[in-house]
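Just below sit the structures, each encoded as structure tokens.
In the two complexes that follow, chain A is the common piece, with chain B as its partner first and chain C second.
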Partner chain A sequence: MKNREKRGYIKRILAKRGMGQVITVTIGLIAMVVVFSFLNPFFLTSRNISNLLRQIAPTLITGIGQSYVLITGNIDLSIGSVVGMSCMMSATLMTKGVNPWAAVAITYVAALAMGFLNGQLISKAKLPAFIATLGTMTIARGIAQIVNNNYNTDSIGKAGEGFMNFFYYGKTFGLYNTIWIAFVLWLIFNFILSQTRTGRHLYAVGSNIHAAHLSGVNIPATITKAYLVSAFCSCTVGLITTAISGMGTMDAGTSYELYAVAASVIGGVSTLGGQGILLGTVIGAAIWGVLQNGLQFAGAPVAIRNIVIGVIVIITVLLDIVVRYNKKAGRRQAAAPGTQASV
Partner chain B sequence: MSEYIVEMHNISKSFPGVQALDGVSFTLKAGEVLGLLGENGAGKSTLMKILSGVYTKDEGTIKVLGQPVEHLTPHSAQRLGIAMINQELNLCDHLSVAQNIFLGREIIRRGRLAEREMNAEAARLLDDFQIDIDPETLVGDLPVSKRQLVEISKALAQNAKILIMDEPTSALTAKEIQNLFAIIKRLKKKGCGIVYISHRLEELQHVVDRIMILRDGKYIIDKPFQETNLDEIISYMVGREITEKYPRVETERGQKIFEVRNLNAGRLVKNVSFSLYEGEILGIAGLMGSGRTETLRAIFGADPKESGQIFIHGEEVAISCPEDAIRAGVVLVPEDRGRDGLCTRLSVRENIGLPNLDHIVNRLTVVNHKREQEITEQAVDSFNIRLASEESLAESLSGGNQQKVVIGKWLARDSKVVMFDEPTRGIDVGSKVEIYQIMNELKQRSIGVVFVSSELPEILGISDRILVMADGRITKELNVQEATQDLILHYATQFEKKLDAAEQIEVG
Partner chain C sequence: MKRFAVVLLLGMFVLASAGMASARDWRIFLITMDQMDQHWVTVDAGARKAAEELGNVIYQWMAPDVKDDAKQIEMINNAVAAGADAILLAANGPTAVIAALREAAAAGVKIIYVDSPADFPAEQTLATDNEAAGRTAGETLRKALEEKGITSGKIGIVNVNAATMSTVLRERGFRAAFADSSFEILETQYGEGDAAKSKEIAANYITQGVVGIFGANEGSTVGVGNAIREAGGGVIGVGFDKSNTILQLIRDGHLLAVMAQNPDVMGYEGMKSAVAVLEGKTLDAEYVDTGVSVLTKDNI
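Up next, the complex of A and B:
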């Protein structure tokens, strides 16, 4: 009890929830970077790094949203479709002559409505998250198809140039704007998750929803907030997608929800809720991007890339389960003599 | 000091099929510790859950601190200063001790969680009550006894005036119990009222000022603790009228069929040994949490065993999963039929077929529906299961008929030992008698019957021999001729003497 105050700063960081897994995967990430830079001398050029970071950004942003939802013990399958919906909606509005920034605002409202619907269906109507977001996933994809009568849009043209630069092509302080967007969103959402009451309640709901309820936590509000964050992130990625190609594509964002789960889980966010930090999601997204980019650079065909990445996702989660199982078994054995002693 | 801080009058509450509370009145004074006592299902927890807002009452009035309150929710009860420390722990494993203590009442400074302030505040509280836990540890990393202390600290941190403790010592070590009693005494001095629910009667003398006893949802008596003694308390707790008739069949006790030697499985199964003979029904009595269900589950292989041997007809069998047990002829009729006993969305035929598929499939594992139909009809006939057709969903049957389907599926193969866990819970009187008759029939067919029940009259009415359990150990074996309700309850409350042991250590 006496050395309670004397905890060192480093020890305090290490003791932080989920830090162990983050450190493990960071070492893995560094190892991958080393291997790829040996395989290809161009891997570590500033140009490739810059491209790589921009490639990672969408995975990171959707990963942030998915992490929020996973921490509450739920899942968001609608991410990819909301990306597609946001892409098609913003592009359609712009090709119809709406001011690009007004189009952006309208698109955010639509995406947030989808997030709100998810949150209410799950927390108020008590639908399983898997089913509710499977439904909204299909609905959002349908909206993506209907807004421009089942066609991809034309180019958003000259009027959209400012928009395209803001979300993708422009640079600020020598770094692509997309990277800055991801960085700023990460700072904001990391702050909310780790430093505010809302963040604390997200963890509590995912850890033990019953205890949270009895402690006076507003369960529907908390779960809905998580889905609003997820929808906001998906919409941002949708807008980035529009900016990349300068047009709306109906199947934009397909499977992004699963990449987001992968980034979160590699980074130590538990799919069972209550556990994980956004620092981990950054590393998870980086591993995802480095593998894609590095394997491509090394000349591996798409099929091989998919297999390697799939194997890595399974191994990281498996490692986590093994570590946790051993820890639990150790605790149980440590507890047993104590109870015996009291006889 | 004699002012009432809680007054509950004529509280009634019923659940489907059960009158849990019937016009119970209850009072609590400031600065007193009230021991709320009664057998399993007497209504103690229900009454306290009404006071803490978890359940709503059907009838009656509640006054807290002199003010009438109508609609209590967990949240409003908390604001009134009522805190309940539950037996099942309500903590978030992934949050630290301090974070749990402040959950729902976080301290915010400039829009941020004041983590350091909350840690310091929690540390102060824990130090103050001499609880040796680091507030920054994750709750999931703590052993059960420490978690219980965190739960208690959480209630203390809310400055509750009324504390309800439901079996607070069941997971604690001797030193921690003494510490808890010291805390209770301090809270008393501060003018808090404490309701102390416990089956551990010998503990009461250390803390309790007054006792109140419930039986079958009715108020029986309240009395200053000084003016009573444990024997009197036990006689008030039992005294249940035996209203049902129990069909008893006398058979000759035959050979030993089944033996369990030194079985250990977790905290609630410690060194359990017993034998079972042909032509007898063995009853297992004990209070809630005494390890009866856990013993049956460990024998059946549903929970892992740490050590122990099992013999059938003198030969040792290795049982590490239910499949092994079924193959060896040892089967379990579980307590929760809907969850563990039946696939409720499958038909009666499919349910009866399921554990017997090894007998009714051909070499290519194609199910022989005719065979399945035959064994189902046989079961329906021999146990008098009332149903529209064999294709009815199991969930559409009444409780008693569901229970008969569970029994039927096990007897369609030649099982040697049938273990029943609370076989008559929640079924009507007529079906109960039919279940007893089935048990008697098994007894006559030389099939071993083990049955766990919380109903003492039932245990006394049906068993030939009775094992009494407490704290995971068998504390007594009784023949039915010598057994009485008082005697069973006496042995069911023979808990491990944590406190006496601790006192001896202090003296030595």
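Up next, the complex of A and C:
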């Protein structure tokens, strides 16, 4: 009796939508790790694994935010700039003598305001997501430059040590805090996405916004929530960036929105909306991080690295499209036996 | 009486405009690679200071948001269209913007290079001899390692990207300092000058067991210093440029030395040279090496 239940449980997990892609890319990830460890003995040392997990964390966190937005059928181009804005704001406040935790709170408020603006522009003012977040992207970057008068900040000094340890340099139970932060955020946001009504609404809006509207889903609230989550994640990574360098740099976070899209898409989150699970984003971020780390250890010249990364992203997305297309074709054949499945 | 008044007024007007012509303001633009790198902000500060001192300069700093050839060409064209008398330019690359410079020169605009020259004749170039400075950094690192009894091992370079001439030259000079040694310099990794990315790259180098790391610009150097601090020492780091954070890292012993450039001098003297040329004077030198100082714990 017990064996049957166990098999049923595993089957249920495998049958979950989006799992197919996750399994495919997990196999890819394992293959990559094996190859890189052959190419360089230092790759599998405990020191590197520790560093590697910590290097993956920011990509995962911004990936979670971007996944939320992608699932609603939108995109957030402002992620990188909000990272930069948060980095500069928190560092500037701290160098001016503000208590680090007060600075953290103020920075989150500013970032969430940016996320709220995104959500409202897209859902109420009906701006296309690409355009709206393009606008907030440049605004946020501008704020990052103005906040300290177009200068990078001074060092946040001894007063910022607690802050730096919390977000980056400290360890808890043997793992870097950054890894814990990413893990906790993943737990929370995964729970919201898979177990709550808000999560279901997010998928509904992304799958068919008109049907969702007719079913009584509050579209503006749902879309705004997605962008608030994204802004929260971007702010967290901005604070991590401040902690890494102990100062604020105006160009922090450049291109992060694209890496977040890559992590999401590799993990099976569809750019068309309504599809994908955050477990996929974890694997996507891991693949991204392993590639960066592994290619450095392999001594690959930068040109090769860029090409390799691009090819892998395309292959994983292609795999997803091919698998989904074959599923669709298979279903059509089953539904109308005897008729030729149209190509 | 009326005619006399008219002639008097006309005479005053002629005198006034003649006066204006001989003491006219020069429109001078500073065009850098981007507006966020501290290096350019300091060049601007130097140029602005000279403009204020001289008093007859209408000064404006123009730079694209990111380093991009097409955008820099656009800025040059905009400056010419806005009536520039002279342009202080930090060229993205030796050949990238030559066409725009040709048009500017044809329109009578005087060109002065600050920090990075292009392959197009100009009045003067004020820059750091990047290859020599890189070599000095390499020699400083090598000497420190040999003093500790280390004559072989791996060395890592954290550079910006493959397209920025100044940092490419610094790396070339750095590698030259190790040409006849038993040290192995690993494949260069690029961090785009981002302090956080550079820190991760340097940390990876430390995992691979390097004995020394070189940061080719300010952001790279901050990253190198932070990585060495986290590792608890054992690796010697040298770099470029100074900032509050970098000076602190040197004081705390995580960085051995940095090559401090003088971007403010580039801007200041560049502005002065521009005005001198516009006023018809000849310049003393075609190339001014604004130099580097080697900053260590002992002299900051």
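In this section, the second predicted complex is superposed on the first by the 330 of 343 C-alpha atoms of A that agree within 3 Å, B and C clash if a C-alpha of one lies under 4 Å from a C-alpha of the other, contacts with A are read in each partner's own complex, and residues count from 1 in each chain.
What we mean here is this: a residue touches a chain if its C-beta (ideal position, glycine included) is under 8 Å from a C-beta of that chain, and two chains touch if they have at least 3 such contacts.
Source: prediction; values computed, not measured.
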item: Which superposed partner A:N48 touches (first chain B, second chain C, both, neither); value: second
item: First (chain B), second (chain C), both or neither touched by A:H213; value: first
item: Which of chain B and chain C A:T241 touches, first, second, both or neither; value: second
item: Which superposed partner A:A204 touches (first chain B, second chain C, both, neither); value: first
item: Residue ranges of chain B in contact with chain A within the complex; value: 74-75, 78, 90-95, 99-100, 103-106, 108, 111-113, 123, 127, 132, 134-136, 138, 141, 143-145, 173-174, 267, 496, 498, 501
item: Residues of chain A defined as touching chain B within the complex; value: 1, 4, 7, 12, 15, 17, 195-197, 199-200, 203-204, 206-208, 210-217, 274-275, 331, 334-335, 338-339, 341-343
item: Residues of chain C touching chain A in the complex; value: 35-38, 41, 65-66, 161-162, 186-190, 192-196, 199-201, 203-204, 207-209, 219, 222-223, 226, 230, 243-245, 248
item: Chain A to chain C touching residues, read off their complex; value: 40, 42, 45, 47-48, 51, 55, 141, 145, 150-152, 154-155, 157, 169, 241, 244-247, 249-252, 254, 293, 296-297, 299-303
